Amino acid sequence: MSRISTALSAPFAPVRAYFRKHRSFGIFVGVALLSIALPLLTRVPPFDGIQSTNAWVNAFTTAAIYAMLAMGLNVVIGFAGLLDLGYAAFFALGGYTYAFVASPFTGVHLPFWPMLLAGGVVGAIFGVLLGAPTLRLRGDYLAIVTLGFGEIVPITLMNADKFTDGVNGIGGIDKPSIPGILQFTLTNPWPMYGLVIALFALIMIMIYRLQDSRIGRTWDAIREDELAAESSGVNIVIAKLQAFAVGASIAGIVGVVNAAKITIVTPDQFRFAVSISVLAAVVLGGMGNTIGVATGAFVIYLFQSILLKQLNTLVENFNIPVLNQIDFLEFQYVLYGIVLVLMMLKRPQGIFPARRRMREFAPLKIGKRGAK
Amino acid sequence: MKVFNKKGLSALAAVAILAAACGGSTASTAGKTLTIGISFPLNGASLASAGPARDGALLAIKEASIEGYTLKAKVLDHAKDGAHNPDQAAADMLTFVGQEDVVAVVGPFNSASARAQIPVSSEAGLLQCSPSNTNPTLTKGADGEALRGGRAVNYVRVATTDDLQGPAVAVYAKENGAKKIYILDSTDAYGKGVADAFETQFKADGGTVVGRQGLPTGTTDFSAAATAAKAAGADSIFYGGVTSDGAPLFRNALAQAGIGALPFYGADGIYDGTTEGSYIATAGANAENSYASQAAIENIPGKDDFNVKFKAEYGKDAEGYAFAGYACAQIIVEGIKAAVAGGDVTRETVRAAVVDKGTVFETVLGSVSFDAVGDTTQRIISLYKVEGGAWKFVKEINYGN
Amino acid sequence: MATASVTSSTAGRLLGTVRLPLSIFAFLALALGVLGIDQFVNAMTLGAIYALVALGYTMVYGIIELINFAHGDVFMVGSFVAMFISSSLLGNEGSITNVPLLGVSVLVLFALTIGVMALLGALIERLAYRPLRRAPKLAPLITAIGVSFILQNLIQFFFGPTIVTVPQLVPIEWSIQISGSRVPLLNLFVIASSVILMVALQLFISRTRTGRAMRTTSMDRDASSLMGVNINRTIMITFLIGSGLAGAAGVVHGLYYGNTNYSLGFQSGLKAFTAAVLGGIGNTAGAALGGFLIAFVEVGASAFGYGRWGGAVVFSLLVIFLVFRPTGLLGSHTGDRA
Amino acid sequence: MLKARGITRKFGGLVAVNSVDFEIPRGSISAIIGPNGAGKTTFFNVIAGIYAPTSGSIELDGKPLISPPTGSGREPILLILPTIPFIGLAIYFLLAVGGDAGLVEGVASVAVALLGFVGALLLNIVRPAWYNRLIKRIGVTRPARPNDMVVAGLARTFQNIRLYKSLTTLENILVGMHVHMHGNFIGALFITRKVREEEAAAEQRARELLAFVDLAGMENELAANLPYGKQRLLEIARAIASRPKLLLLDEPAAGMNPKETEEMTALIRRIRDELGITILLIEHDMRVVMGISDHITVLDHGEKIAEGLPKAIRTNPKVIEAYLGRGAAAGH
């Protein structure tokens, strides 16, 4: 965020000041503008040659889902300083929750919208369930326990075939609809795009507000120094649980959306690799910086899933000789690995390092609204 | 942002400089371009099995010529971190849907990816032909109906479903004198599915299953399972899974446990030729007395021709799903030709031409036609045995229509 | 803030020293009884390999607090290097029945592989981790993941994605009889060679100057730097040894299973990491114990037909175990929570 | 005000503090001194709730504050008992559906049972007062945690300063006010009027506190960037932000030059006089101790060897022996 956005927005100082005061509104406007700009961008070369606008919009939707996961994980890792290597498990639980109550597998068909909340609740419950007995573990022991949990969940989903249809997963999941107005479909990515973008903005606002709240301060405190936090009266177990629950419930909500988007959940979708790539996005984006990790995740997803996958098409379009003969698909993960290493070496704090925010919420607003 | 673009572009530029020596672009003949999408998991472990299918399909598309049209192929890879990824598979299908000149798609390879793709392609009315999907629930019954969402059939496959292959091997194993079988599967959709079907049939025929368990893909240590099979007193072994799941490793472990001489049964997952990395190559001498099946006829008309063409194109032998991938593309090309003959080439006309129950396609797999839900009517299971370090055809079981 | 004098009795101290060997012995006896000799040998062999890999994890963690996700892949590369040396350089095709020749071949194989892998490990450390010595803790974790991707995919590029066969130099037919069961010498060879390496490592750490430097560095890097320990050199040596051991594990893996493949690193790495944590991360003896323990759990699950739950059982045990003993089997217990 | 009776703390075979009785009068400045390794810090940590005493108890204002934990063996019951009704409910549910309980019923029952378990788990973690009273009936008392001490009215500083280094000084103080603020999730997400007012008031108070310790104008400075002496001041301000009755200072003058030490002494007096906070300190610097303490307790080998007014302590032969006998100079 720092350098680029500063440079970009220098001429817009009054605008920035306005949005600083009205951050939530600012986020809404910013996300809305971006969400309009991105599809327009896909109309111009070289992006138009890669894939159709609809496919791009679908990719942006998935990237935003991924970015929401990163924001959620950032609460656990970046704010509270707890290393969670099994984040995909909560994502899975959200997805399976929706699959249970809205698919031919169980024959139950509950509407989508309330299930968004239910997914969050399920995520939070499992977050607490995992967190409660393990949060007294020291940093990296917690990491391995979460990693273990991240493995146990898909293995269980895979082998408890009576309840989950095993490896086949649960298919035919209901798509969301607004009765009488809009039925989501798979070939028209726009409604889902809208839904995900709105949710994205909402989650971002929520996270920012939490971060600046009394709860957010306890996270800062336990990340900086647990013993000092306890001696300041912070119940560190509760603070950690809150961070865990918030992170897990975001993953749960996003899991519901994801399940409704692809209409199938299988255990393989939620393996360790997912946790790891979300983690990579968080660290690369800049731990602790919500916009940073969201942008990081968004870009990394597009890089990994579009740019690398479409290198062949891209090279063909540019008509670069000889390269036409090379199958870039074979190198995509070598490239990905090299990029991960180089980026980390170049910017160990992440691309958008968390800048210590000045406290700017109180005096102006209070003065205006006349608290006393 | 900036970092990414710079890196990405400079990487591209670097490669471009490296390659600047050669020139030339693909010559394009006049006429409308039609594209056939190819959607497989093409990196990591998946590449070994799905790669030949892609090569086969590409070969068929290259060979085909349709008057007045240019035929192109577009390959998308939906493997992530070494395994097929349904999410990416669905996204790729949407990419194909969004590209207007794509009239049909070859793929996917795995059943889970098919489950993610079929709803998308079905909504778009885009024809899809899978060379390898064998999971019955993709097409049959309520599950299949749910995937199609009540629309017309747009998904066909040239492989016979698992519900035939497993039982065929079971019948054959019984004939071979198997009484007490130990079953191991790879816990994934294919491995477990085929092992389940085998178990049901074997028990129905009066056989005893002395032990059954699963070891997931990625397992390298099969010694405990082998010792367990020995302790259970098995007289035969069945493995549900593919070579890369560890079939030859299990076979070797059985040999190390001292029961390497027992007959070892598998399905088409271990019928993968003799090249490097295949079941026979990896198990070596231990592969003797192994049995496998294939959901296709053995005496493919023009098999040798195909081999020659394939070798000329890729410099290696046609193996595994190369035939099926080729056949899928052949069928699609036939469908396009039918549509051309009808005067209107659209996704819908191509789809209608292929799923038409009456049409029989002459492919490298023999004569193929599709039933009401898009499954192949060529319901023949061929059985093979390892002899002298190669697969020998034993017999075929025809399940008819 | 220890204050008064130590008051524990001699008897208590004696009990303290024999408690661990006693409980290990009891565990082994129990396992032997439950599993039977065949499965027991299987578990010991698997455990020996896990232990070798886990050692590298735990050493690196101990010294720079990095969960080295690339270590599993270093082990995988080790198995390929061993395969390449054995079949291409030494020209082996199958087992060697001439005992002196076998001995020489195996020794050469070990020496070369360990050497190559040690260099690779040091190279990775130099390129991907050292520049991040003062960076946030998670930064090297991400480069480790990047290195893991690179190693896996390079190996896949050069050797293909399929299972690759490795010459099994020790004939699998050689065996001895133990109470009616046939125990292959190969298994004993695997167990013995890894035990030898582990003992050598323990001696190195406790007896040599460099080993002591490693220990002090892992306790307090700044303090040992003040005391004249060359930190970079010490960390480099840790990587040399850890990766060398992974190379040895690669050799052993190839000799025992007769094959390898490019994705071997992930699962084994995960298991070895779990073993290192179970044993008390940073503690070499603990890592070895953890490796054996996990192998016993896995083999046990498989022996009783619950192989598909093996992974879940291992991780559930880990979670439960850590809840009751948060620092692992042999982890240090700090009285002061500060 | 604070009364400790028979405090003993063992670490394995080590007896760090042995049966110490101790009392702090309200409004006093008391000090604990003793040679290195005398058990001062351990004793201090027992009072601060970091170590549970092996035996003995502490009262604050006549209310029991700390006692050794009991009945920990019965703790699993606390988890299982509250879950049983839910499991019962789940079973009843399944039975009510009859023999043809299907997938949905099964999953729902498991969910209900799980919910009960999570509830029990949460109850055990959050431990509201009524729950603590309840479990005391079955003989379970948990060791008090440092944060419980803060709620009870104790605050502390650390010998090796422990600030939240990447937070600003203002934020450090705001964390210190944690226990007296009430913002919850709902308030945070919707920024209710109550929360806004509370935050504004807190910030106002934080600024005042910073001014009190002479850090005015440094509100937005990162704690890590403050010079050493100011970090100490900030830590004290953070401690008094929790409005304690008793403030525990662990070597407040350590590492300070004479001028800073003098300022620190003055500040400690002001905290007592202006804020009415009782103070207990550990200090090595005898000038500080003798200068400001009303009451001194001397520990050696984990035992109390003397207590009384500074004048009496200075001439107490036991104290002189404890210090000089070990070759340590009484003057520091």
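In this document, chain identifiers A, B, C and D correspond to the written order of the chains, with residue numbering beginning at 1 in each.
Here, contacts are C-beta pairs under 8 Å (C-beta built on N, C-alpha and C of every residue); 3 or more make two chains touch, one makes a residue touch a chain.
This one's a predicted model, so the numbers in the text were calculated from it and none came from an experiment.
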- Task: Please state, in steps, how far chain D lies from chain B along the shortest route of touching chains.
- Result: 2
- Item | From chain B, the most remote chain by mean C-alpha position | D
- Select, from B-C and A-D, the pair of chains that is joined by more C-beta pairs in contact. A-D
- Between chain A and chain C, what is the separation of their C-alpha centroids in Å? 35
- Message: Quick check: how many Å separate the C-alpha centres of chain A and chain B?
- Response: 34
- Message: Show the residues in chain A shared as contacts by 2 or more other chains, in ascending order.
- Response: 133, 155, 158-159, 227, 330, 333, 339
- Item | Multi-chain contact sites of chain C, meaning residues that touch two or more partners | 152-153, 308, 311, 337-338
- Note on the structure: Touching at least 2 other chains, the residues of chain B are 43-44, 47, 187, 214, 216
- Task: In the complex, go through chain C and note every residue touching chain A.
- Result: 61, 65, 67, 69, 127-128, 131-132, 135-136, 138-143, 145-150, 152-154, 157, 270, 273-274, 277, 281, 308-309, 311-312, 314-316, 318-319, 322-323, 326-328, 337-338
- Message: Going by the contact rule set out above, which residues of chain B touch chain C in the complex?
- Response: 43-48, 82, 184, 187, 211-216, 218-221, 223-225, 227-228, 230-231, 243-244, 248-249, 252, 255-258, 276-278, 281-282, 284
- Could you please specify the touching residues of chain A with respect to chain C in the complex? 77, 83, 133-134, 136-138, 140-141, 143-145, 147-149, 151-152, 155-156, 158-159, 227, 272, 276, 279-280, 283-284, 287, 330-331, 333-334, 336-341, 344-345, 348-349
- Query: For the complex, which residues does chain D have touching chain A?
  - Reply: 48, 50, 103-104, 106-107, 114-115, 117-118, 121-122, 124-126, 145-147, 149-151, 155-156, 158, 162-168, 170-171, 174-176, 178-179, 181-185, 187-189, 191, 193, 195-197, 199-200, 203, 219-220, 222, 238-239, 241-242
- Task: Would you pull the chain A residues touching chain D in the complex into a rising list?
- Result: 100, 105-108, 125, 128-129, 132-133, 162-163, 206, 209-210, 212-218, 220-221, 224-225, 227-238, 241-242, 356, 358-359, 361-363, 365-366, 369, 371-372
